[in-house]
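The following pair of complexes shares a single chain, chain A, combined with chain B in the former and chain C in the latter.
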Partner chain A sequence: MRGGLRQRLGHARRIAAVLLSSQYAYMLEYRAEIVLWALSGVLPFIMLGLWSAVDAGGGLGMSSLQLARYFLSAFVVRQFTIVWVMYTFEEDNLNGRLSPYLLQPLPLVWRYVAAHLSEQATRLPFVAMLVGLFFLLYPAAFWWPSLPSVLLAVLATLAAFALRFLMQFTLTMVCFWSEKASALERLLYLPYLYLSGLVAPLALYPVGVRAFAFWTPFPYMVDVPARILAGETVPVLQSFAAMAAWAALLLPINLLLWRRGLSHYSAMGA
Partner chain B sequence: MPGGRLRCGSGRGRAVDRVGLPAPIRMAPDRMAIVRAQGLGKTYRVADKQPGLAGTLRHFVNRRERLIAAVQDVSFSIEPGEFVGFLGANGAGKTTTLKMLTGLIHPTSGTVEVAGCQPQRREANFLGQITLVMGQKQQLIWDLPPLDSLRVNAAVYGIPPEESRRRIAELAEMLELGDELRRPVRKLSLGQRMKAELLAALLHRPAVLFLDEPTLGLDVNAQARVRSFLADYNRRFGATVLLTSHYMADITALCPRVLLIHEGRLFYDGSLETLTQRLAPCREVRLELHAPMGAEAFASYGEVEAIEGREVRLLIPRERLTEQVGRLLADLAVVDLSVSDPPIEDIIGRLFHQGALA
Partner chain C sequence: MGRYLTTLKVFWIASLTAELEYQANFLIELVATAGNLVGSIFVLSLFYGRGQSLGGWSWEGALVVLGVYTLLEGITSTLLQPNLSTIVAHVRTGSLDFVLLKPIDSQFWLSARTFSPWGLPGIALGAGLIGYAAWKAGATPAPLTLLGAALMLVASLMILYSLWFVLAASSIWFVKIWNATEVLRSVLVAGRFPVSAFPAGLRAFFTFIVPVAFLTTVPAEAILGRASGPWLLAGGAVAIASVVASRWFWNFALRFYTSASS
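The block that comes next holds the complex of A and B.
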């Protein structure tokens, strides 16, 4: 029994290692494109400029340093929580690339997870360079986060990525019924943008809006991990519990839609 | 040996083959069937839209759909190690049937069993025993060398690294692949890519191969190499193969048995030889004459197929062949004469064109 489990774990470890290394090699082929993607994620810096110009710190209870650190952290968190599974899945579905993968004894989702993690690894050096540049331009904002807050921030960012991935992958199941399901993701991007803390720290929102935001999954995808990284006080347990609750809600929906979707699959283009 | 692997379930139904015209359907023995389809059907719901702006607006307001029966009541069984050709015109239902046999799509009616499993359940044990190769569709990672994709496949199918290296070497030798495995897929020619695809699809040594147009778009040499590889693979590993192809050379070289499907219905299941004999009661006689002659001069010998200068092609009923060839040689100034079967694609093309056999 234990031998069987060890064998299964060994098999899973080998698949993970091979998938990650091959996807990393694939992503490196597209490094220039990934650099451009990373550059296109500088929205938090633009928002920092805007909020600094209107002196948000004084009026809304955040110092300019806090604001700078928050947006830098939001930029970093955003870089490692970008999810594009719906677009790839949609394309694979339309081009018939899904079929060969569906015929292999490996749940399809792991290929996409490996692709995302490899893409994050590819953009890591470039993100580090941008952070360095930020401190060069704004040395007053420099800070050393404590080791526990870094570890906690990494954990929160991973959880945020997992939640964002699960949410988008659940929506992705619509691809089994619709050829242009990615329109849904574009629609969902609006609440994500406003309620995740990308355009402003949620602390600056009116109390009612903030309370509403925390009933959605979005603040846990940027605001919470970013504030942890910036060294602010965050209700950690409560936040992780909320993420777990959202995942527990989405996972069965995802599995149900996956099963229904497979029975509806028409193997287009293949 | 693929055929000796563990199978899902134990149920063994009896396949009932459909009888069509004009050839009797072969009653395939199914006691040992590794592929069994019974009353298989697939109906698609498709949008029914008229062309033009008015049609577009009408379709937007009142979307209408209709049902298309892509496959209807198809039954057959295949024994382990058989090499079966699956023939039919475009849209006849070949690929839909293959997709149902592999579990990619679920049948609307009927049952399927492959290697003792129900394909649509997609159990790991089933997936480990089959493969589907679709011409022009690829599982190899486009920007990386095939070896990277092969490493992934080896891990996914749980093939130990040493064993996977041995298998890659063995299959690469059979496919005449060498350095190509280290070049990015996008840099390979179509033929090299197809061979690498085959290698990737067969690395786990599947017991049942579903091949959908594996030689599509390849040049004549590459087609011949793929054909010889498939024959060799079938012989060496005892794998069962169901092959669709538009190239009759693939079918005649590889498939002693063929299934013919037309408008979603199976109307012939039997040997290729019987099919050609039944569907081609005539043989083709090619003459090279000393001097050109008019068509009326050949009316008493057989049906004139074509006359090009001094070359004439005649169709003569098999039972009168010896007598008529003797008369031709005696009556006319013949420089050269040869007898052959009409090309199988002509026979089947005529068959589908007539449509009277369904």
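The block that comes next holds the complex of A and C.
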């Protein structure tokens, strides 16, 4: 292409702006539905109820305020790291919508990334309302995170979203070979649910289990960003390095499967 | 009655044949259900491992509650979810017209049309866990205990069915209601734990607003043979009231149905 880097960057920026604004308009149409999805993320609050009732006896090593802040942060982080690309992709594939998308001069993955980011933007006001309601019910837990920790938490949440998206999108490639591939996501969700820190802060896990968990990518998807947001000390560099390492491991697999899948693709279904 | 039983048999054999096309799913479902159960037991052990207890329940008692929850989840994915999730599509495309024209009760048709075998591992694992944990807890299978347990399990199924059905039937007004059942599902997760383990506010919520207490805690009490008369009566009353309410709600909703995308 003539004109070099600047022109190409300008082109990419225009495409990104159009994709994001059109997807955002689309998601706003479904805002009632998205509010319900946001509400279905109440698990951290249920677990907070249990843990704080247990904590009444003391001896957890975490104060009840710390617990409340951790679970509220985990709720927020979870809201902005939800990934559903596998279900959309499976539907697009089965209904034959994939073919026109593939003909466009734009890698397909960006369409799904834009859809996810716009959905998060649609969620944002509602999540803010829920957080406000939480502090109204439990004013003692209120805290102002410092500006650096907010920025760091946003960065960690974005990285967590990217990692989880990459992981699910890699598994999504199975859709090219099987019609009911989304059942596999149920299997991937299990270690995520129990090792990410949604049900309890990893600090409360037995030492052996915790050490094992940190060898998997899952704690970096909820526990680490949530603890940063809650203002606890986290080995930041080490965590970001671990996320980068997992991404570096998954990306080549993803690209390879994508190429193999495309050559196997036959316009409709698997 | 006989006609309904014959119809049910035809329905379920047909859907079983269709589902068995995807046999690999059975393995995935088995692994997912077993893994989920192991994870839940691990979470329970986080509480009990520190010498604390959940709302005064013993470890075995809490396992009975978890067993009842697993059993209910199995039944949800065998019957409730596959059937009731189609109401939305029927309303949107207008094919509910054909359901209403059939010479059979429409609520029955919508609630029992398909049968998905993928929830069976959950049912088996749940029943196994209940049996094992109740035996460990020293519950005796006295006839009266068995009767109470059976009654409370049926009552809890009736309540669960009514909650799902009322939400699904709301799609007559709000076509996009299906996500509301996801909210219901995520709130029912609280049923994995005895209701007395929650702080007072949540306990009231899970007893009176979303009756999670009657879904798992009360049946577990009955299985352990320590159900008290008032709770048994309350469980039965809530169950009957909710089924009657679901019936009334369906007839009420149908008055607003005006065919495709109403």
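Everything below uses one rule, namely that the second predicted complex is superposed on the first by the 263 of 270 C-alpha atoms of A that agree within 3 Å, B and C clash if a C-alpha of one lies under 4 Å from a C-alpha of the other, contacts with A are read in each partner's own complex, and residues count from 1 in each chain.
Everything below uses one rule, namely that a contact is a pair of C-beta atoms (placed from the backbone, for glycine too) under 8 Å apart; a residue touches a chain by one contact, two chains touch by 3 or more.
Just so it is clear, the model here is predicted, and its values are computed rather than measured.
Visitor: Just checking: does A:R14 make contact with chain B only, chain C only, both, or neither of them? Give me first, second, both or neither.
Guide: The answer is first: A:R14 touches chain B but not chain C.
Visitor: In the overlaid three-chain picture, which partner chain does A:G41 touch, first (chain B) or second (chain C), both, or neither?
Guide: Second partner only, chain C.
Visitor: In the superposed arrangement, does A:S22 touch chain B (first), chain C (second), both or neither?
Guide: The answer is first: A:S22 touches chain B but not chain C.
Visitor: Once the structures are superposed on A, label A:Y87 by its partner contacts, choosing first (chain B), second (chain C), both or neither.
Guide: neither
Visitor: Which parts of chain A are in contact with chain B and also with chain C?
Guide: In chain A, positions 30 sit in both the chain B and chain C interfaces.
Visitor: If we count contacts the way the header does, which residues on chain C are in touch with chain A in the complex?
Guide: 22, 25, 28-29, 31-32, 35-36, 39, 42-43, 46-47, 49-50, 52, 54-55, 174, 176, 179-180, 182-183, 185-187, 189-190, 193, 197-199, 202
Visitor: Mind pulling up the chain B residues that touch chain A in the complex?
Guide: 44, 99, 102-106, 120, 122, 124, 127-128, 130-132, 134, 137-139, 141, 143-144, 148-149, 151-158, 201
Visitor: So in the complex, the part of chain A that touches chain C is made up of which residues?
Guide: So the residues of chain A touching chain C come out as 30, 32-33, 36-37, 39-43, 46, 49-50, 52-54, 57, 59-60, 180, 183-184, 186-187, 190, 193-194, 199-200, 204-206, 209.
Visitor: How about chain A: which of its residues touch chain B in the complex?
Guide: Residue positions touching the partner: 11, 14-15, 17-19, 22, 25-26, 29-30, 96-97, 99-106, 262-263, 265-267, 269-270.
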